[in-house]
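Below, chain A partners chain B and then partners chain C, in two separate complexes.
And then the complex of A and B:
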């Protein structure tokens, strides 16, 4: 090979690297292994993992484990989808374009807004982009978020806010019900606010019931109303487009995508069909059209001229690669379940959480939920009265093969020893009974 | 090439109307852009600066978007934006069909008209300039 490329020795390839910084000994690596040996070695290492899918888990908080029908995975894993890149050339990408168009269409039905982009990275990046979009449209620089929000989402939003100098302010909540403080929203709206963001269900699983009043106040002040959702909940709950949302963001992972080391996620992004909004919307849009002779249906990227690869520094969309494969999975998932199926999944999730709250709240020393409000599939569990920290409680659960809820005290000290638990349709009544029984033993054992 | 207008190297035109200046893009510009699908207008009241060598945000009057590109409209004069052509929001194609009349983009109240007109071309000079581009 050296002869082929015209050099005498391997050292000739490194002449540009100064002598003194060259490594003059072999790398400290183990002996070379055969493929079989590598496989055995890696398998032994992987066996040390304890995948939460193999234990009873109540983790949620932004990544939710749901049943994925086998054919959804089979279709998503087809090489035509797995290996396809951005469909710049419609003439060779009709399959991908059509699937993304259908993803957009189904999400539009779900959130009741007419324009949906072909996906963002995750909920958090979708929220960051929504804030910037509000600022571009209103020419204002303040964005309001609920105090009870996922720390990851808040951190991502703050990162997005740095460049354009956006100020992110928090809205407080009622200590009894968790509901947002309307008077704070009204007061803040007077100060040149670009947008107000509300999550429904909230990070702590309860529903925000004043969304219509909030929407009215926001619109009266000339600001935009942004709503964040877990799309599964929309099988059951009113769509944000029906209560005044201008922009909807959310986490599309529960739609046919597995939970695995924190991902892959899928950012949902939708807005009202008004040119003022659509022009400032990030991400790519797939449109349906007809061929020049008018005879055939076709799909193509629309409004591409605002994207970074064409408009450079003037772009309103700086996301040129999206999470297409995750959006493809979501399309297959939604198409498979249909409205009835999604409703059943949502009902089961909510019913399980409701059952779990009832069972756990009956245990002496435990309180759930900590807020008096309707909940979807997640709920807070407080153990102040057990005089045990939530981490301690979790580690005792883990010893018994149960993954407890996310501890919230670090982010929200005012909530005390509280964890965030999640149930989906994957949890059977027996699973929840087992959690209750185990918790009773742990809490009782302490006394 | 309409006589009596002033032209920039970036293919904007200026028409003086009393103490105001009407601004648009030239026929050459619309031809190069192709079908215009959207016009982004600046806010009324915005203070703009005449386009100089080093381009800056204050020199932008909006953007014209066609099916293949988006092009920034630069301000040929310094001053305040008094009015924008709202009709373009519904009928952006006026830029193609009537670049010098119905497709106007905005009205500016110039701040330093006399000094700045020297930086613009008349119809003859602009025609020469276009020849040089071909």
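And then the complex of A and C:
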């Protein structure tokens, strides 16, 4: 090949690199290992992790462990999907395109909105993009969020808000019920607000019961209503599209994707089909079309003039690589469970949480939930009366093989020694009984 | 030419389903226990209702109508579609990877933190930077983070008036969009007759408003910016930051390093250079590396190592950090694959990858240079790096056949089309990146196909204008897809009335 090219050595192909910056030593990296050596080495390193399959874990907070059916895994590993690029050539990429169209269609049913994009990186970045989209549509610069929101999502939103100079303001909540303060929302809306963001279920697991009133107030003020969801909850709960959401974002990871230390995730992004909104959407959209002769149905990328590779600095977002394969897994998951299956999972999640709250609340010194409101599958647990910090409680649990809830005091000091716990369909009654028994031993006594 | 893609008449999963089964309200027992008011419950959910075998057959058939690196040659320019070792997938699927939670106690995720810490170190050595963060989920996400670090740096130095980011006209679309999204004004500089950044234009564009230059090197024409030291000099003396778009790192790994060229921020596309698969559009991973001076602005948390206690931990106490760009710590599942890839290749293997990728691109360049119909618009005398951008303008002038027709016809030859119509500075461009994992036979087949297409353009152009013929479906009406958008099954049903 060198002869064909007309050079004497490989080095002749690098003569355009100035002498001064040529690397004249080998990279300081380990020497190559065989496949077997890599496998042994990495398995040993990773064995220092303790997966939640080997202990009892009650962690949620935006990354949730659910059962992934074996065939969903198997299909997601098909190399035709795994090793493909963005479907720029639709004629040889119908498989990926139709699957993504089906993902969009199934999530559209779940949220009851017509338009869903082919994925964002995660919930947090999807929220950031939603705020920017509200600002582009309304030409306003304020975005309201609940005070009780995951710190990761809030920090991400704040980074996204910097570019266009968006002001992110917080809405307070009722100390007893956790519900958003409607009068605060109304007062804030007067100040030229682009959008209002509500999470349902909230970060602390309770449901926001006044969503319709909030939607009305937001729309009356000419702002957009953005709702954040855990999609599993929509097997049971009313869809945001049915209570006035203009944009829905959420974390699609629980739909057939492993937790994987928090990534890759699946940012859900949906909106109403009004073109004023759709044209301002970030990300890739797959559309149904026909062959040029009109004879056959097919799928291709649509409305690409919103995207960076065509519109450059005028694009609605810079996103290019997204999390398509996670969306594909979500499509396999939703198609496999169907409406009845998803509902069973959602019911089991909620029933487990309600059982856990009842059991734990009976333990002297513990209070759960701290808010008087209906909950889905996550709940707050306060241990102020035990005179133990939540971290201390967690470390005692961990010594007994249980991973407790996420400590909240750092972000929300007003909640005291409180943790955020989660149950899914993976938790049996025995698991929850074991948690209750262990907590009772730790804090001692009975109410 | 004897390629034929599978051609299943596969309906939508919704059409395989018997919709509209009853959706009775949850049982009173459940309602009583969960205490959720009825007004908050959903009344219907129109997901498909199909059996497990139906699901498996449907998506297996769809997969057979999808082209991947495992199907064949995928010379998509600037995308580095190299072979993805299967062991990397296996390792990412381990329970000790897939089943760990981001909020787990640090003591129970020491393996994950160690892997991230070491991967950061390896990547830092490869690009010649001081510190790496693994947070960004994709190249564009890395660019976005880089722009925020640049903003923070200039604020820190009390030079907030620096609001302009300079981008060459040959740059990836994401560069413009990332800078704009982070609140910068984009200033475009032209390329010179050699296909490199026009140095005089660059000097004129630089001022005390300049925040940064975003540069891809090798650039999207596959050419090394050989005046790079002059460029970095111009920028550093003007107080600007140099950002390296690492999409094309595969052509120079182990041969030269962006840090040594004078770049302050570098992003890596693990889903290109480090062989993690692209998954039909992601998930990827776009870590960035920075100079020592910029470390303080990296997003939280940062992975640190406590030597005394031999313990890895997450550090959130970083007062100058720009904050966060995603919910957790990046695409860990992807990081595991990249880490495995680096170990498999080793120092020599990575350098050899860059050499072979460059060899393969130069081979294609030399083979195509003699073919009438294609030409190089820039600098055919010097070697290219990992990719080469040919123009099919001569063929269009002669036969009216467009580069799109060529690309579509290539599919019939069992080859994925190169990138075309990008970079926009070359008319009728075919941007070809063969990567190091293709054998010579595959490169020859590709060159032969491009030659055969020239003959076809002359003898039977209609065959090209109506191509592809051997794919799952014929050429699609992409204009209609955007003019009359149908973006979901429910939208389709509603529009059909």
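Assume the second predicted complex is superposed on the first by the 402 of 447 C-alpha atoms of A that agree within 3 Å, B and C clash if a C-alpha of one lies under 4 Å from a C-alpha of the other, contacts with A are read in each partner's own complex, and residues count from 1 in each chain.
Keep in mind that, in the parts below, a contact is a pair of C-beta atoms (placed from the backbone, for glycine too) under 8 Å apart; a residue touches a chain by one contact, two chains touch by 3 or more.
The shown structure was predicted, so the numbers you read here are calculated from the model rather than taken from an experiment.
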Quiz item: Which of the two, chain B or chain C, is in touch with more residues of chain A?
Solution: C
Self-check item: chain B versus chain C as contact partner of A:139, first or second or both or neither
Solution: first
Self-check item: Partner chain in contact with A:8 - chain B first, chain C second, else both or neither
Solution: neither
Quiz item: Touch check for A:79: first (chain B), second (chain C), both, or neither?
Solution: second
Practice problem: Mind working out whether A:305 is in touch with chain B, chain C, both or neither, as first, second, both or neither? | Solution: both
Quiz item: Of the partners chain B and chain C, which touch A:38 in the superposed model: first, second, both, neither?
Solution: second
Practice problem: Identify the partner contact of A:318: answer first if only chain B is touched, second if only chain C is, both if each is, neither if none is. | Solution: second
Quiz item: Common interface residues of chain A with chain B and chain C?
Solution: 305, 310-311, 314
Quiz item: What part of chain A is in contact with chain B in the complex they form?
Solution: 139, 275, 279, 305-306, 310-311, 314
Exercise. Using the touch definition up top, name the residues of chain B that touch chain A in the complex.
Key: 38, 40, 43, 63, 65-70, 72, 89
